[in-house]
């Protein structure tokens, strides 16, 4: 290997990279806000006893889960303005595309953990004389929410990584800045490595936290 | 061994085993002559299963050593992780566990011939022949192609015994092999072990079944608090124990004091 | 807005199918290579060898902790510079997605390896099985069965992530789709059809995951009769509780 590294070309230009990181974080936080709330509503609708209610929601969720995020984002950026004659600014569009994607995945996470609440818990609720609404409020939701936290966190960090895709539609996030810096400086190795490290530095603590939570949950269960 | 008939089959000295701060074995000395059938009884947590697992080479130890038929087998090292276990010697011991531990993805025949084919390089045809003979002796002649999930607990345990015997062990270890069985299935498994006893197979048995202990043992150990409290012939240890703790335990098991 | 005209898509049917076949080919190659790497790395992560364990952890954590797009760019732009050789689009796509697949399936295999009971390993030792036989005859078949549902959803993830190779100019379904969409100025029709093609393949697979998961769960329960017995006892107890609860509520 006879490549001579020059990390200074990157360190001199950390400014744009951190601007990009700020955009990336903004996208992530806003998408998570949508994902956590809309996802919960979708989960409740998914379990609705009315077929007519369930069907469109199921379609929505499955569509986002079964197509590439890249396709969704490009579709969103090109088609929504044409179909509905609105364009909300590229960052807002990015937030919405990522947020809907996350909502679909979170809806599944919520649904799975709500359905995993053990039958005995509900029986105990009946035995204690709680009415159906009370049983959902005091027994199902707290248990389910706690059980879904690791998956929600994982989904949240996945969307942080997926947010790099908006660079392809020219949102100036970390990925976009890295790409243009690499072209300007002719230093792709150094630039992409530093950008990857920045992504990693944000994701890693969260994945470690998830692992810790999982281990603790297993230890309590076992 | 022909020259020295009195040479011990197993000789363990000063065996110590801890799990963290918990001392499970506190220095166990034990010799076993060829042809002896040792039954280990005692309260739960007294160290009897751990003793068997150590004998099988499944556990590291904190102190002591074991020889088998005069060959060094297990020796404690500076740390538990440094425990030296002679793998070749270990292969001459067979063990049957409480929870069957058959390989669920293999049928009965495959379970039996896996080790002989892979460990000793035996031909598949020859191993299958031996396996079939062994299984029909244990009343399982029709179950060769069955999977473990299609067998009753008693049948599974008999298969597990046959599987261990396929390697012609010099010593068999039985760890509470009937504890997980429904009461009506205990007899068939014990019969198989009694059958082995008639052929002078040396064995160490951990059991809670006092009737079985009395019938099969040539010697009984009472193990409690990580030490051997009493060691003697079955009539003595089960019938008129010398030690207070043994008497207490035996009385409670036989519900004499109500 | 003009009315939608899906006949545009029909004109480019062959090109889209060509792209789809590239996508499938890429996915298939990376599934095979990635799963093999994943199993080896999964074993390494449960190994007692500290060096092996740490190296494999670094690999997995790094690929889990960075966007696939940046991994792809890194391999596409940087690997040729470092190695001093040219890499085709296809080769860098294969390398990037294989490494990604290896990282995510290693986690799947690690979990399934951990779920194999301690007793199975004890039985291996008691039978004196050599390490290699333990892995190939006892551990791998059981781990594989437990891992199948998750592996299948890993494959779906890979299939979806493969759309990223369009960003480095590889002519997969996504790349051809966006080209057609740009050239015809009919993004709504073309991109919707592209999305539908992905959906039609991924959706049945995700459904299959659910069905297979249930089947395998049943199989695992019958595999362990002692556990089944335990479950049976438990359910009797629960029935009693339910009966008790029923009596209490009937007084309302």
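Each chain gets a letter, A, B and C, in the order it is written, and its residues are counted from 1.
As a convention for this text, a contact is a pair of C-beta atoms (placed from the backbone, for glycine too) under 8 Å apart; a residue touches a chain by one contact, two chains touch by 3 or more.
Quick caveat: nothing in here was measured; it's all calculated off a predicted structure.
*Asks:* Closest chain to the protein's overall Cα mean, using per-chain Cα means, please.
*Replies:* C
*Asks:* What chain pair has the highest count of contacting C-beta pairs?
*Replies:* By contact count, the leading interface is A-C.
*Asks:* Need the CA-centroid distance for the pair subunit A / subunit B, whole Å please.
*Replies:* That gives a centre separation of 54 Å.
*Asks:* Once you find the CA centre of subunit A and the CA centre of subunit C, what distance in Å lies between them?
*Replies:* A distance of 18 Å separates the two centres.
*Asks:* Suppose each chain is reduced to the average of its Cα coordinates; what separation in Å results between subunit B and subunit C?
*Replies:* Their C-alpha centroids are separated by 43 Å.
*Asks:* Find every residue in subunit A that makes contact with two or more other chains and list them.
*Replies:* Nothing qualifies.
*Asks:* Which stretch or stretches of subunit A touch subunit C in the complex?
*Replies:* Subunit A reaches subunit C through residues 1-3, 62-63, 65-72, 74-75, 78-79, 82-83, 85, 119-120, 123-124, 126-127, 129, 161-165, 167-168, 175, 178-179, 182, 188-189, 192-193, 195-196, 199-200, 203-204, 207.
*Asks:* Mind pulling up the subunit C residues that touch subunit B in the complex?
*Replies:* Against subunit B, the touching part of subunit C is residues 119-120, 122-123, 125-130, 133, 137-138, 141-142, 145, 219, 222-226, 229.
*Asks:* Inside the complex, what are the residues of subunit B that reach subunit C?
*Replies:* 53, 56-58, 87, 90-91, 93-95, 97, 99-106, 114-115, 118-119, 148-149, 153, 156, 163-164, 167, 180
*Asks:* Which residues of subunit C touch subunit A in their complex?
*Replies:* Touch residues, subunit C against subunit A: 1, 61-62, 64-71, 73-74, 77-78, 81-84, 156, 160-164, 166-167, 174, 177-178, 181, 187-188, 191-192, 194-195, 198-199, 202-203, 206, 238, 241-242, 244-245, 248-249, 252.
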